[in-house]
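Handing you a structure now.
Labels for the chains are A, B, C and D, by order of writing; each one numbers its residues from 1.
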Amino acid sequence: MYFASDNTGPVHPKILEAIGAASNGYAMPYGADDLNAQVTARIRDIFEAPDAAVFLVATGTAANVLSLATLSQPFETIFCTPEAHIHEDECNGPEFFTGGAKLTLVPSINAKMTPETLRTTVTKEGSRGVHGPQRGPVSITNVTERGTVYSVAEIAALTGVAKEFGLATHLDGARFANAVVATGSTPAEMTWKAGIDVVSFGGTKNGCMGVEAVIFFDPKHAWEFELRRKRGAHLFSKHRFLSAQMLAYLEDGLWLDLASRANAANARLARGLKQVEGTSYMFEPEANISFARWSRQGHQFLHDAGAVYLVWNDDLIGNDPDELLEARLVTDWSATDENIDMFLNLIRR
Amino acid sequence: MYFASDNTGPVHPKILEAIGAASNGYAMPYGADDLNAQVTARIRDIFEAPDAAVFLVATGTAANVLSLATLSQPFETIFCTPEAHIHEDECNGPEFFTGGAKLTLVPSINAKMTPETLRTTVTKEGSRGVHGPQRGPVSITNVTERGTVYSVAEIAALTGVAKEFGLATHLDGARFANAVVATGSTPAEMTWKAGIDVVSFGGTKNGCMGVEAVIFFDPKHAWEFELRRKRGAHLFSKHRFLSAQMLAYLEDGLWLDLASRANAANARLARGLKQVEGTSYMFEPEANISFARWSRQGHQFLHDAGAVYLVWNDDLIGNDPDELLEARLVTDWSATDENIDMFLNLIRR
Amino acid sequence: MYFASDNTGPVHPKILEAIGAASNGYAMPYGADDLNAQVTARIRDIFEAPDAAVFLVATGTAANVLSLATLSQPFETIFCTPEAHIHEDECNGPEFFTGGAKLTLVPSINAKMTPETLRTTVTKEGSRGVHGPQRGPVSITNVTERGTVYSVAEIAALTGVAKEFGLATHLDGARFANAVVATGSTPAEMTWKAGIDVVSFGGTKNGCMGVEAVIFFDPKHAWEFELRRKRGAHLFSKHRFLSAQMLAYLEDGLWLDLASRANAANARLARGLKQVEGTSYMFEPEANISFARWSRQGHQFLHDAGAVYLVWNDDLIGNDPDELLEARLVTDWSATDENIDMFLNLIRR
Amino acid sequence: MYFASDNTGPVHPKILEAIGAASNGYAMPYGADDLNAQVTARIRDIFEAPDAAVFLVATGTAANVLSLATLSQPFETIFCTPEAHIHEDECNGPEFFTGGAKLTLVPSINAKMTPETLRTTVTKEGSRGVHGPQRGPVSITNVTERGTVYSVAEIAALTGVAKEFGLATHLDGARFANAVVATGSTPAEMTWKAGIDVVSFGGTKNGCMGVEAVIFFDPKHAWEFELRRKRGAHLFSKHRFLSAQMLAYLEDGLWLDLASRANAANARLARGLKQVEGTSYMFEPEANISFARWSRQGHQFLHDAGAVYLVWNDDLIGNDPDELLEARLVTDWSATDENIDMFLNLIRR
């Protein structure tokens, strides 16, 4: 009953196996390994983007901050939602890697910006000439940090607003696979066909050990990205072990299988939760994250029974046993029906 | 009829005269001039702060960003209002000088934060451990960018919240003199006695050519500030001309006289405006800035007659002649009754 | 015959095995895994430093730049040799992570600074008051980038000079194990007993996949380091896989066994090379790196026969077949006597 | 007998007068003043550069660091001499404003780099691919920090090397007027006709209060420079007072007259010094700076008699009365024959 995050589960055996296989013999370091060339070819193929520049890093934050640093100037501002990982959970990493760019928060509904909130925010932010920051890239997260999912049409509408202002677009796809599965779209439809310029394509939260791809559909900034990755200390010497993970992840659609499992597990969880009296479901579950509310009393009971999940509003916690807590429940590929049902049975008590 | 800003008027003759007098003979550069020692002594005296470290720079933005950089770590966030100059009008200067600190916006009423909005914001921001930025200094602006004024008690209440969390406090006093005059407080009461650690003490908007003092009531960061000023390219070689301005500004209470004139001029303006039908006054005028609304038609008429002021909501401007524009009207020491009455007469038409 | 670097070989099987074993079940992310606590305990034990703060990162550059950023202010300068990895091979990473500190180059002999060159350089650099950068930490590399090794006494002499000036000291130990083996010292003797404050303790070049420990013997900067690691995007979510590597590496002295093998292989190589006419050995081999010179003709022959190594002076390469090239020959734990002898036989031809 | 620097003397009366005259009435802030338009026109005329972008700042360091930040990427290195002001006297300002670029020192003779030392250094620095910094701009100082002067032909030879590598070129002209006078060249010949892209055109050391122009001969980076100036806190609100100084400085060739006086004064000083036994002249005096050596005893005598100058090697000072000190003697426009002769008479004793 481990629903704390999708970074707490095991690495998928095929990916572990690929790491072991990659360790035979010698390979050139720093991305000159043969496997890396295969990764690039595979990703170009999957994304229908024969010119794309592809780079691997080991953390999702690295993928985001290096992408944004390459797309931004230090006197610009990046547009994102208040819930965005780049704003909430990267400890000023974007500000650091961009050399001091600002993040301007676009009002959101269920962690999703809308074309209207984006347009209003962008319009206002760029109206102060040399005094305020200039308009920089728009960063969209799919799956969002609240488990909601942008449709391809919604992404296209947002990038349309960005393009009106000539702004670059970034997709934080730490849970890209879950979003593709949830929407039934293709990788190309979700990204460059919808107007996305750069994507952080996540592997870590979906069965890898630690690997993310950054994909620039226009390769003009490729060399700059390489230099930023190196000076950011994110270029691996034994790079083949990043390549091996990513290659196994993409092999035979493993990445989609794993995301399907994670999404299905969350759907089962949500179906169950909605039938339980005394819990209140917060958003319609769309991918592999749910939020629900129950009392402090209930939480204590679940906790004592071994359930692990994050209490989202813990900054507000008092002592009232009837106070409603917000629980975030994340499932990854390794979640089993047994575990979910065990948890639901507990809840029903 | 020039109400565009308090940085568009002439330098006061006594300050010009002091600049000329300082030009006789030779003086050691980089702050080793004798006049600078006098400035420090004078400011310590005026602020009743015998240990204070005092530094001069030439722009208000320099005073703010260097102060905040000295008080902050790059992995922290600075608390300010959405209207704060450091957020709106310094083109990411604080993010740059701090090495990438964030600015967290505290909800405001008439550009003033309240103890409640500050406490709620600080509480929430610091609840994410290593994932989010750590809590950094609180920066308060007095006079605010909307012309409102914090009382000494209001400042003390805000610094009280800051101290609960162990946070340093900064006062952006670009219009410090106007605030002191408006509240009838002493410089000490408005600052360290109310819990302020560092103040940007403005001269430029109140009759100087270009000089601001940064005052650290606890001198422990003095040497760090000097190094940050130097590497920020803000240490003047012919520093005596900053010293001379500041010394003349402080001589015989000139700084308070000039602010009194500016405030009185705005009060006259506001009194007049309130009596005019078809204008709507936005805030109660408290210092030397007013905001009022009138129609686009009216604006065109005033503009053609030679009145100069900022249209605040110009990002929203359409073509409707009856649309209400927001005008910002700033007065400095050089505003005359004749000019104000001429403007009021125009409005009445 | 692969002598390109010690980052081109396989991961040791025990370390691979530990990675696989760590993948069972669920573990808290971001360093809260149980294995990490074991790593800290083990390193404190091995270094005889019960209070040390220990952090894991995945690249040697990350270990260096985060250490130095924690020890430095942006208005300071770091002292290192012209050959230092932080100067030559981190693409301005130290300048980036410190927020703009400078690197001042201390003259070296065979890539080693001396107490005299260090004292002269530090004395001169700090003599310009606010105009020049202030003196910052001294960073020493052992094994050096030229394969030479500082004795414990030599390190103590250098830190002695640093302490005269009150400067912090950092040891870039990307090849720390090789240095310990080469000198026969203990980890404690090589570091804090010799006056080192912080060490980058390498694993990647000595059989790990990608893990380095940063050890602060005085834990006062521990929390700052954690924040800098996070905002630098170097905090791993699935941190247990860093922990698992490091734990296996330290188990039963594996780290020392592997370094012994690498050093012994290089000694064999060097002994052989010295007996070959027409090659000229550049430094006395002390650890796992050798430099030798032979003609362009010879290089072509070796290259065609499948030998892989770096030509060090390739910026100077012309077309003269008799020109002497400088070859860098690195051995890791996986080098075999057969391979080395095959290479020596080729050379003899 | 004040030879400490050319930033210790008075402001020229015509420049003071212009400041006073500029203070009449109202002027738009932040560079929108009418005088600024005149400055741009005048500089374009003097430099025969009708498209040049011209910006004013108040310190020489600001001119340098903002220019270099606009020309550089943070993963590049700037080439300059070990004596360069940007390396020695800006407290890591270039590293700060560029976001962490490195400075690579080009060996110099009498503070001047040569085409050979530049080519060798640039060649070597750019040979490490992604591991080392990329080649960035070349920054040349004329008059150098040792008082030597590059001829136009020498500058052209250096920019020729830079252009071979596609590198931008910057001229630190804090003493540009003195260099123009010393060489008898025109401003255009000394800059864009000799291959210079951007010049810091100094006023402060040559009779102004505090103003420097930055001139981009190709205006493509003009807007970026404006944003960097603003976020660097170097955009003056009462900008007309910078404009007024620069306009008076350029009026009727005042800038050249003042530099001629300063150079002539130094020539008189040098002629006298060479005839004095026991002093040893270090460089041939070419502009307004000389270096000479005399004993500690002699220094004490001069000091007691009221002479003021910098002892250059003061980091090496011991107690030996016969030890030779190096004295830097700078003259500005205000130096008089009387003062110089008085000093020479003292020396002769």
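Basically, a contact is a pair of C-beta atoms (placed from the backbone, for glycine too) under 8 Å apart; a residue touches a chain by one contact, two chains touch by 3 or more.
Predicted model only: the values in this text are computed from it and were never measured.
> Pick the pair with more C-beta contacts: A-D or A-C?
Of the two interfaces, A-D and A-C, more C-beta pairs touch across A-C.
> So which chain is farthest from chain B, going by the mean of the CA atoms in each chain?
C
> With centres defined as the mean C-alpha position, give me the chain A-chain B separation in Å.
Result: the chain centres lie 41 Å from each other.
> Calculate how many whole Å lie between the centre of chain A and the centre of chain C, each centre taken as the average of the chain's C-alpha atoms.
The computed centroid separation for chain A versus chain C comes out at 34 Å.
> Using mean CA coordinates as chain centres, what's the gap between chain A and chain D in Å?
51
> What parts of chain D, by residue number, touch at least two of the other chains?
74-75, 90-92, 96, 99-100, 130-131, 227, 230-231, 235
> Residues of chain A touching chain C in their complex?
Result: residues 2, 4-5, 7-11, 16, 19-20, 23-29, 57-62, 64-66, 90-93, 96-97, 204-205, 209-210, 227, 230-238, 241, 308 of chain A touch chain C.
> Provide the residue numbers of chain D that touch chain A in the complex, in ascending order.
So the residues of chain D touching chain A come out as 30, 73-75, 99-100, 130-131, 134, 224, 226-228, 230-231, 235.
> Could you pull out which chain D residues touch chain C in their complex?
74-77, 88-92, 95-96, 98-103, 123-124, 127-128, 130-133, 314-315
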